[in-house]
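Below, each structure is written out as structure tokens.
Here chain A shows up in two complexes: once beside chain B, once beside chain C.
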Partner chain A sequence: MPAPPSSRERERMVTKSKINKAQIVGLLMPGLLVFGMFTVYPIIRLFWMSLCDMSFSSMLIQPFAGSMNYQEVFRDPTFWTVFVNSVVYTLVTVPGQMALGLFIAILLNGVKRFSVTFRVINYLPVVTSWVIASLVFRYIFNTEGLLNYFLWKILGLTSSNIRWLDSRWSGLSVAMILGVWKGIGWNMVIFLAALQQVPQDLYEAAEIDGCGAWKKFVNVTLPAIRGTLLFALIELTIGGFNVFTSIKMITGGKPAHQTDTLLTWMYYKAFSTGKFGYAAALSFVMALSLGLLAIVQFRMMRNRDA
Partner chain B sequence: MRIITKILAVMLACMLLLSVSPALAEGETVTINFWHHYSAQSAENETLMNVLIPAFEAENPGIKVNAVSHEWAELHDKVLVSANSNALPDVARCDIAWLPEFQKMGILVALDEAMADFADVSGKLLDSAMSTAVIGGHYYALALNTNSKIVFYNTAMLDAADVKVPATMNEWAEAVKKLSGENANGQQVWGWNEPALAGWNICPFIWSFGGSLTNEDQTAATGYVNGPATVKAVETFAELVLSGGITGFNAGDIPMTDGFGTGRYAMMLEGPWKSAELAGAYPDVAYGTAPIPAGEGGSVSVLGGEDIAMFSTANKEAAWKFMQFMTGEFAETEMAKCGQIPVNKAALESDTVKAADYAPFIEAIQTAKARPTVAAWSEMDNGLQIAMNAVVTGEKTAQEALDALAAEWDELLK
Partner chain C sequence: MKSKNAAKIRSLLIRYLLLAVGTVIFTLPMIYMISTSLRPNGALYEYPPRFFPQWEALTIENYDYILHQSKFYLNFLNSVIVSVSTIVLAAVVSSAMAFVLGKFKSRPTKILFGFIIITMIIPGTTMIVPQFELATKLGLVNKLGGLIPFYVAWVIPFSTFMIKGFMENIPNEIMEAAWIDGADVWTVYTRIALPLASPAIASVSIFNFLTAWEEYPWANTVINDNSKRTLPIAIAGFFGQHQFTQWGYVFAMSVLTLIPVVLIFILCQKFFVQGLTAGSVKE
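Now for the complex of A and B:
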């Protein structure tokens, strides 16, 4: 057994651990400061803003107004319109992307040659700029755009131009198609990685039990990648509620804010009508909704465990 | 440890030196920040940076102007954000529609109170243009340039349909119907293009039909925006939309200039900037201009333009000198060469202006009205767009939609 440390050695050890702690604190400080200034402080300030009356006349004084902004949000019929739009957008694009991404991942999982090429091709939409992709989609779905040209002049399926972008649900559908198309690659990459972790003997055991391809998928694949599914579900739900660029560039919220989603409406309220308090309250309503949704999603996934 | 201490000491010393030197270099020069929305590639911006600012700095040694170009909508948002973070510029070129909002925030200077020679300076500028800067009896800006909208019409399309340029609203409605339908290539054409359903677009019709938006004091809307003349204007407009005569405000429509330039829209109501756009993009389209057709209320277009305002955190002396320079005869005439209609009375008499294409616009400016100068206007405008949308889609009748709008506006105008 080594000799116990002498008193001088003990002193040196204590000073060394103090220096260690000082170093740790010193190295963490810059990161914590940045996090505090740019993430924590704005959230607190925003919450305070949502409790104040901030419109043009009160912009610089900002008197406390309690739940006034929250009440205004819930009483605003346009809020309910944009909330429904956001929910529908999320309900359509999230399962859509996940299903198609998973399908392509399964196909690619069995491919040996050119798998990298296929992966790159599928991932390209993900790295395309939202602005450019939105403008291209707008060009395609315009009343005198590419799609109508094909349907009318080339295929002869219609006898006039269809106004895809001019009404609520068809305008939103164009944005939803873009949303799904753009996200497939991201899902594919994530699910491909997850699929490659699934142990082969599970599949072999299932084959012995006489399972066909579909049963193998439902009973082996899905449970095995459950963690990844949950991760993708939560990320994509948050992304779905945060849709902004595609709506702004494709319909601009027209007609009369009926294709607006939560974020585009929030932007309009803050910067075009100067109602910063309302916009702040709206952002917290949105954050709370997403938080609740995430909890629900967690619970649902966990129940399947039992 | 000793080496580290030495290095830290040297770094600290350097930092202190660097922080002191700018203060030493500043000396007597004052820099004023000027935010504007002349687009970066435009002739106006060239004139500003290469002619006007050097001339001003030469006349006023000791004042430097730092001009920053923004995009129109971005400038509005930037001022809102900067007000909250105390980062406002000294002077800015503002759309006249923004002044009531900025004034309500308390960030503008009441020039008639703060500047001793205000009456002199403003006396040199057009009264109607200066009326856009009055809020609650005080002046919060100097007029910088003015504009209005007049009818642009495609001469070939009117000739082909044997339609003469409409001079009254009845003739206009007839003309729009006759000019719509299909052209020789089987494509749909429309008699009139209206790019949006906001006040800027609909007010000329409302006013020319003899209607109004609010009372004189701008404190009540019931009886005005839902009055019989206003309702008639909106009904006429909506009926033409529903019968395929007017389009342009839908997300999927052909953009205005492209549609006009390619012979899909026969007529539109636009400002002086459109001539430059058409000359650049569609130089071959033959078009003419005419005042907005007259209805029961006369031929009344909508007043637009920009004012130059001073913010409360400005270096007032230097900013005021710059504002006087920008609204003076020299600067106004130079800008007039780029298509900006001047508000300076002397500049309006100059040969440059008389020889320019503005004459039809200047006539329209004489009778044009400004939109309500109240801070709630953006919300009111939003309500108007929603109401108009309901009427042009046939969801509501004009009377229903405008009655609901009047109630909303009464609340906002309180």
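Now for the complex of A and C:
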């Protein structure tokens, strides 16, 4: 703790030296330029596009159209189908991967031998790219594929090959299984780090109070890692609504857009039908809702911390 | 005492058993991918399907095809160019921003940081339409240059956030000593801040590499030309090319694409865990 006079002296000397604003701005500039041009500008432009009548046919004239695109989005039955799909995907995969990730983290937290090996193996699906993982799952769930053979000919649980990829909920289920499979490792790593920071004496105190394993988990572990749980919740919710590649690779939205999600439907509207205004309105609604959702989740995290 | 020990051993056994089950579930799809890549192409829709190919039928003909007849090397090179450019540029611009935002705190820099972080809420793919329009205006369509700046802009918030945390931990005394010695901002950044923050930059760069290496939606939108394709869209292209997918080729190419990723992941495991946990455990 420096004494007041010397600190003032230091400040004087520091201001005399060469902290110049120009260099500070110079360091910020390259990053801000790239970020401003390729992220901030598109966000603003997205909002503007959503208010204009933009399509392939009106590329040059883009008349202001007010809320037309938004009305079109909300009146479109397919929008509601894909909206429900995205919500279901998120509601299933987020708790699914958090619960399983936490479960494995708790298992790993109690073992020493092979702990690193298990961690590396559990994390491999995370580093596997979405394109590759999706194609592997598609191959496994093919009508003449390995899973059907296993269920029918080996276990005898089914009496024919199930067409997993050809109907709405089973097609989405394949994508959801992939989403959980691929996400567990990430959850496991961050939860394991959080678990390792829980003070051991809390558990000892709970044990003296006669708490069993489940009570310890509910009363000690969960409150102690709530910050990490909410961090994961926010990140994964955004990720859930961002699902795109797996749907494109596994079902391609078939049959008749029944398995499309918000983003694959937006992409189809923009690049296959040229309805840019519609796509922009949909994107903007999505970005806005996720922003609001994140603020709510963040508030929860703050309130609980206090 | 004895029964307590027995209970401990039993609980440990259950843990290992469950972990082993998990390992099987995590690795089965990958093993199936490798095994499919090693069987003859004609046997791909063999019935009954086998998890492991017959020993005498094992073949590397799919790899042979990928390595000799496809544009694999070009796609691989494109992916390397895009990924390396992305991580180098992102490291340079993000570390400079992180240094200023972490070490010269004022109202404007705090607001700026908050703004950058808030954009992380927006899923990248929602911006694809205006970004495509921008790429068209700038003449970047069907060029690798149409990928790199977008990837850099994409990873800036996360990278800046991570490196900033590290920059903040640099003791003020070190910087003050430098100011008194007459160093300017640039010198302090390059001589003091950068070396001290290098572990964070390394960790961020691994994540950025993975992001660029595996990115699909944007690359698929911007690149049409076969020779400009990066690996993910080349693989996806293989998948959609014929009415009957040549799964052997698809998975041989997938395995070759995953090898660098898995190597980097295993070699840099420590940085990985650091990077992942830095943002999540903060109380």
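Just so it is clear, the second predicted complex is superposed on the first by the 277 of 306 C-alpha atoms of A that agree within 3 Å, B and C clash if a C-alpha of one lies under 4 Å from a C-alpha of the other, contacts with A are read in each partner's own complex, and residues count from 1 in each chain.
Note that in this section contacts are C-beta pairs under 8 Å (C-beta built on N, C-alpha and C of every residue); 3 or more make two chains touch, one makes a residue touch a chain.
Predicted, not measured: the structure shown is a model, and the values here were computed from it.
Student: Based on the superposed arrangement, let me know which partner A:145 touches: chain B (first), chain C (second), both, or neither?
Tutor: So A:145 meets both chain B and chain C here.
Student: Given the touch rule stated above, what does A:31 touch, chain B (first), chain C (second), both, or neither?
Tutor: In the superposition, A:31 touches chain C alone.
Student: Quick one: is A:101 in contact with chain B, with chain C, with both, or with neither? Answer first, second, both or neither.
Tutor: Neither: A:101 stays clear of chain B and chain C.
Student: Between chain B (first) and chain C (second), which does A:231 come into contact with in this model arrangement: first, second, both, or neither?
Tutor: second
Student: Considering only the touch criterion stated at the top, classify A:179 as touching first (chain B), second (chain C), both, or neither.
Tutor: The answer is neither, since A:179 touches no partner chain.
Student: Give the label of whichever partner, chain B or chain C, reaches more residues of chain A.
Tutor: Of the two chains, more chain A residues are contacted by C.
Student: Have a look at where A:42 lands relative to chain B and chain C in the superposition and call it first, second, both or neither.
Tutor: Second partner only.
Student: So in the superposed three-chain picture, is A:255 touching just chain B, just chain C, both, or none of them (first/second/both/neither)?
Tutor: A:255 contacts chain B only, not chain C.
Student: What part of chain A is shared between its chain B contacts and its chain C contacts?
Tutor: Chain A residues touching both partners: 144-145, 271, 276.
Student: With touch defined as at the start, can you tell me which chain A residues reach chain B in the complex?
Tutor: 56-57, 59-60, 141-145, 161, 163-166, 171, 250-252, 254-257, 259, 271-274, 276
Student: Inside the complex, what are the residues of chain B that reach chain A?
Tutor: Contact set of chain B toward chain A: 76-77, 80, 83-84, 101, 104-107, 188, 249-254, 375, 378-379, 382, 385-386, 389-390, 393.
Student: So in the complex, which bits of chain A are touching chain C?
Tutor: The contact residues of chain A facing chain C are 10, 13-14, 17-20, 23-24, 26-28, 30-32, 34-35, 37-43, 45-46, 49, 104, 107-108, 110-111, 114, 116, 118-125, 127-133, 135-137, 139-140, 144-146, 149, 153, 181, 184-186, 189-190, 193-194, 197, 227-228, 231-232, 238-239, 241-242, 244-245, 249, 263, 266-267, 270-271, 276, 279-280, 283-284, 286-287, 290-291, 294, 305.
Student: Which of the residues in chain C end up touching chain A in this complex?
Tutor: Residue list for chain C touching chain A: 11-12, 15-16, 18-19, 22-23, 25-27, 29-30, 32-33, 36, 45, 47-49, 51, 89, 92-94, 96-97, 99-101, 104, 112, 116, 118-134, 149-150, 152-154, 156-157, 160, 176, 179-180, 182-186, 189, 210, 213-214, 216-217, 221, 232-233, 235-236, 239, 247, 250-251, 254, 257-258, 261-262, 265-266, 269, 272-273, 276-277, 279-283.
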